[in-house]
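Each of the two complexes below includes subunit A, the first together with subunit B, the second together with subunit C.
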Partner chain A sequence: MTTAPSIPTLPIIDSPIHPALTNVSLPSFVDEHELPSREGSRVIQFREALREAMSEEMRRDPRIFLMGEEVAQYNGAYKVSQGMLDEFGPQRIIDSPISENGFAGLGIGAAMYGLRPIIEFMSWSFSLVAADQILNNAPKMLYMSGGQWGCPIVFRGNNGAGGQLGSTHSWCVEALYSNVPGLKIAIPSCPYDAKGLLKTAIRDPDPVFFLESERMLGDKAHVPEEEYYIPFGRAALRREGSDCTIVSFGRPVNFCLEAAAELANEGISVDVLDMRTVRPLDSAAIVRSIQKTGRVVVVDQCWPFASVASEVITQVVEKCFDYLDHQPLRVNTDDVPTPYAKTLEQEYLPHKRKIIEAVRSAVGKA
Partner chain B sequence: MPKKTAYQAKIEHIQILDEQGKLDAALNKGGLGDEDAVFLYEQMTVSRTYDEIAFKLQRSGRMGTYPQNKGQEAGPGGIGLAVLHRGKKDWLVPCYRENLALFLNGLPMEKILLHWMGDERGNQIPEGVHILPISIPIGTHPLHACGLAFAEKYRKTGRAAVTFFGDGATSEGDFHEACNFASAMKLPVVFFCQNNFWAISVPRAIQTGSETIAQKGLAYGMPCFQIDGNDIFASYKVGKDALELAVEESRPVFIEAITYRLGDHTTADDARRYRDSAELESWQKKDPLIRTRKYLESKKLWNDKKQADLEARAKKLTEEVVRKAEGIEKPGIDDIFDYTFAELNDELRTQKRTLRTASLAQHPEQERLSR
Partner chain C sequence: MSAATAPTMPKMPSSETLKQAGRVGSSPTPSQLLPDATLIRWLRDMMLIREFELRTMAAYQQAKIGGFCHIYIGQEATVVGTFAAVNHDDPVVTAYRDHGHALARGMTPEACMAEMYGKLHGCAKGKGGSMHMFDRPNHLYGGHGIVGAQTALGAGLAFAARYDWEVLNKAPGAPVLDGSGHPADRPRTPAGKKVCLCYLGDGALNQGCFHESLNLAGLFGLPVIYVVENNGYSMGTSIERGTTMAHNLVLKAAGYGIEGIEIDGLDLLSLYDKFKPYADRCRENQRPGFVDLKTYRYQGHSMSDPQKYRTKEEVQKYQERDSIDRLAAVLMSPKGEPAVGGHLGRGCLSEEQFKDMQREIKEEVRLAVEFAEQSPSPEAAEELYTDVYANPQPGLSSIRDYHHGVRNSLL
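Presenting the complex of A and B:
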């Protein structure tokens, strides 16, 4: 019988610019104290830190491209990619049709064949229409192919209440999406971490959801010019105290720090843990802190029901129940769609007053 | 003011080999030669035998579920051979009724059986074979074909991607986004729709108000063709031309192949409950195997002896494939955890070791404390 001609065995990636798919190029991570100093005089915006992370990685690796709505000609809806078209050209900084499911799926196909896409969602609220691609395809591809087809892709964009964007455009997706195995979720709270975490996300071999906040893009802080990589799954202790542990991630970390400063005036000192990534979650750091304080308040900008805060508290109960001197508390957004009116939106968020009240209650000074 | 025609188009239906096995030689110019027709006939027969044996495997409890390809061998066979002959190793991005296109382009035959037996190793594609794993969700994979075509264009390799889907998939948003992306970004993708008239129990008439599926490609600026999907000559010729067009002009091309699902949707389905037997019988007469054999016999390229010989060989080959698939050691328990991430995380590693509920397995200290 005639059979199909045999095909010579070639590596899956047989183009000169691409090493094999399995060539995972994770940077070697250093301990927190070995990272470059957080203090310094080079002050840039959060959005510039993101841009710097992408640009540095793109200069290093020709497989990386950035695709999304308005990322090229318009320099990004929020100017995160300003100037990148000029530097990298239209082959690598690519304006897409308004089609989130489309560019998410295209990115997945490109990632499966060894490119390293960065897919920008103007808002993570818009990722909901791409749910099948980002939740049902990207994080399962490796598993469903018995380890053969990886999907090294970064999805990034604005997450959470952006300042009067209304109910449909203010999604916090971390609660919904962190339920899914096979993906990683990074959520920086400051420009320094934005750069270090995004660089790690781009080098990571798994799909990474990178959650930014429109409200923080203009935040300014010192960001080192040198290259550095912040490992996933390692929380940062933003403030040290002994009476209560506050666990948070993303924008609300800043609310926690404001609350902590005010609580200090009342003689209440707190640990503020910035988780940096919710998947993986550095539960060991949370346990260590609670072993010291005996009390925990989780501050999370998602709705309370089945939120990341719920997960953190479950793990706390599982892992250090006997160290608790008070039931764990959480501060979420209110369990309602995001209000449109400015004053109502402000009140709806897990803001300073709510955090202070929760901590006072936890330490028995309510 | 006189009205002007802003846009006008027509869809041509291309049939080269009719139901009686009569060939239109003029239309077949530059198309499938007789030697390759014999080859494809043999391969279709192997695919049909494979299909029948897979169906029996499921019925006897040796396989989870299986979607029969029966009656739809010609479309994937024709364009699959065109891909093979082009020699560029264009990508094949399948759903689940394109077995022959995959076999022709280097997918080991036991892989498909392994997949349906519930072993993810069936989706491990050998190196150098440009085929994506079978996609079960309807219509999500044409976007991956766009991504592959984008990657190939990015790398300037001159490869195209061919993606297969059914008439039902053309109602999904992903399909339309894929068409739009491929068109807007000028990607070399061949969209190959196997219109078999039934999406499980949903008939073509309910699926869309369009007169043809092919015309859906027009809205996205694609050259569109409708072919007789039970005609290997049409599938080969149009497939070959579409691939050339896609690559040379860097643009997507749409092919609607009119065919019919002679079997059930899958082994979990019983089409007799919703399909008219007269309809089925009318399509059984258009079976691609019957007409191809008639043609080959008319050209004295085939006879009963060859047929008997082929059937025996096809059965033997398929049985060997089944033995191979069933002989592969069942997946180990580690496979539950491995491949969730490129590198196993601590929680999964612990659970893999202990196989206890995560709540206990992850927290040995807590377990000790609460004892």
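Presenting the complex of A and C:
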């Protein structure tokens, strides 16, 4: 008989990035006020900002490739990847057949092997047919393998009502997907952030779900020439006020800013917080704002039941209950499948009027 | 029947049968060119898997192992023969009946058993269990629990391996791919052509993911071989009741532009002889493959399967063609004499050597069980919130912060 086995002691991992991922260089992040100016004359579209983010990172790192439906020869169903085939060639800008589960899983396998895939869903609505791959494989690989393999991948595409597309094509997936540990979710509201967040998403060693909006792709704003990265988990204060805090993310941030401008005419001043990532969630920024205002309205383009708004309000109650002068309120889309008719779809969204009414109610001026 | 008993010599085929099989008087087959030591190692690998699985069943019955547990006994020739035909650094991914893949790829029985025991020294720190055997140093990209889900990963592994060879070799300053199992801090050497082996059961043939993956593999020219471990049953549903064209599965692959082959999975030597040149072609041409590898599991689908869907006689019929017995018979038959299955005897293994090997393996597996017993369980305070994010940040959870735990014992 051989002697009993010896059980070796296992050392604690002391690196900031898990050793399953090597050759990771996180960008050096700076505080919001140190970022290049948001004012300027280099005005480009949201879609161009996304393209610049991908192209800059692809020039830096040959491991990155872009795959999705119509991304190459068609130049992108929404022209996000226009011209990228010409620059990077067919081995790195790859048209996939309509096969979301297949190419999402292909991306995950490639990420495990060490590539840095960007997988484009024409719409996040179509990601539902890839749910097994993106929810069961990507976010769980590091855990299930006991820390042997990570999954550095970006899934990106249009999220939310695109404009009379009906209920199957108008999904907002942040509520569904943010429930799953192991993934990160970024959701920009403007071209400047879109570029800075997407560059961070590509550099991040974890799976990132990057939610864009068809309705914002044509939005124009100044995007600086110089390179910059926006860190995950840090909200941006889009407008400063003292009477109420509005928390939002993605396209509805723009509705909030419209509402805030009108509320200012009524003498109500609000903080508008753009979360930029919902997982991680910058709850410290929310708490700081509520400590000042005592009131909060969460504006969320998902359905209300078990939504991100629900999570935000839960955390608010857990972390700053004593500062609240009014119960937290939420403005979600209406709790029905997305309608087709223009009148119904318009009303269904968390639009300006609903936000104004909620804020008035929160500050007692309803 | 198990390897615990010495093999019985099957009936010798007539010389006429051998001539028809083309094994006598023609050019040597790939396996005939291999040294005796290699074939003895194959036999040992199969015997190790079988002994390991017997101990797994015993441990499961003692409730030392939890969850679902799928036993590989009967199918051993599949992994041993197919792995022998590829290189150690070719990526491999499989489904949940994965203990055999782990052991045949080189995972220690200790790490494999400790994983099923849910212990910290298991291959996945006790976080994966029986269905999730991962072994990065041995390029095993997991056992995967969802039927067919690994077929897309196989396409991705092949895509990446080809990309490494085709794109990164030409990119100045390209880094070593960190997930490929190589130490990433070494300087990059040009990547060679690889071929990925992606295993699936016959039940996975009916999953959408499988069809999408075959289409992508055929379309993009991905060097992945889909090895269908066709044991005839998806759980309790026979293949005829579950899939069309069960008698001619290669036609499914043909629909995706992939030239598939059928292989008898119970005869290790003919399996290797057929699979080796096929895998070489897939590697050389960087094209996908599809193998209908006909095998059989002696045990139920999982440990909780009463097996009412098949007869004892059917199981027995396959056990009479047991792959371990057959290879042992070839190795033990006099050199150059017709042995079994059209193979010529090797005369390289005595009955005594065979029994010594059995004893060694028994002891090796016994020690693995002891190791698993003694390895500590992961503590919730230390290991529950680890390995969730590679880059943990504040705000990722509303409950607790994530952190890194202990380093995986395989790394």
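Keep in mind that, in the parts below, the second predicted complex is superposed on the first by the 345 of 366 C-alpha atoms of A that agree within 3 Å, B and C clash if a C-alpha of one lies under 4 Å from a C-alpha of the other, contacts with A are read in each partner's own complex, and residues count from 1 in each chain.
Please note the rule applied: a contact is a pair of C-beta atoms (placed from the backbone, for glycine too) under 8 Å apart; a residue touches a chain by one contact, two chains touch by 3 or more.
None of these values were measured; they are calculated from a predicted model.
By the document's definition of touching, both partners, subunit B and subunit C, reach A:Ser96.
In the superposed model, A:Arg238 lies in contact with neither subunit B nor subunit C. Of the two partner chains, both subunit B and subunit C are touched by A:Asn136.
Once the two structures are overlaid, the count of subunit A residues touched is higher for C than for its counterpart among subunit B and subunit C. Contacts of A:Arg251 after superposition: neither subunit B nor subunit C is touched.
In the overlay built on the shared chain, the residue A:Arg51 is in contact with neither subunit B nor subunit C. Touch criterion met: A:Pro181 reaches subunit B and subunit C at once. In the superposition on chain A, A:Asp282 makes contact with subunit C only, while subunit B stays out of contact range. Within the superposed three-chain model, A:Lys354 lies out of touch with both subunit B and subunit C [touch as defined at top].
Shared-chain residue A:Phe321: touches subunit B; no touch with subunit C.
On subunit A, the patch touched by subunit B and the patch touched by subunit C overlap at residues 1-2, 4-5, 7-8, 10-12, 14-15, 17-18, 24, 65, 91, 94, 96-97, 99, 101-115, 132-133, 136-137, 142-150, 181-182, 184, 205-206, 233, 280, 318.
For subunit B in complex with subunit A, the touching residues are 38-39, 42-43, 46, 84, 89, 93, 103-106, 119-129, 132-133, 137, 140, 143-152, 154-155, 157, 173-174, 177-178, 180-181, 184-185, 310, 313-314, 317, 335, 338-343, 345, 359, 362-363, 365-366, 369-370. Partner subunit C is touched in their complex by these residues of subunit A: 1-2, 4-5, 7-8, 10-24, 26, 62-63, 65, 91-92, 94, 96-97, 99, 101-115, 132-133, 136-137, 141-150, 152, 181-182, 184, 204-206, 232-233, 279-284, 311, 314-315, 318. Those residues of subunit A whose C-beta lies close enough to touch subunit B in the complex are 1-2, 4-12, 14-15, 17-18, 24, 65, 91, 94, 96-97, 99, 101-115, 129, 132-133, 136-137, 142-150, 181-182, 184, 205-206, 233, 280, 318-322. Contact residues of subunit C toward subunit A in the complex are 91, 93, 110, 120-128, 132, 134-136, 141-142, 144, 146, 149, 151-161, 163-164, 166-168, 171, 173-180, 184-185, 208-209, 212-213, 215-216, 219-220, 363, 367-368, 370-371, 374-376, 386-391, 393-398, 404-411.
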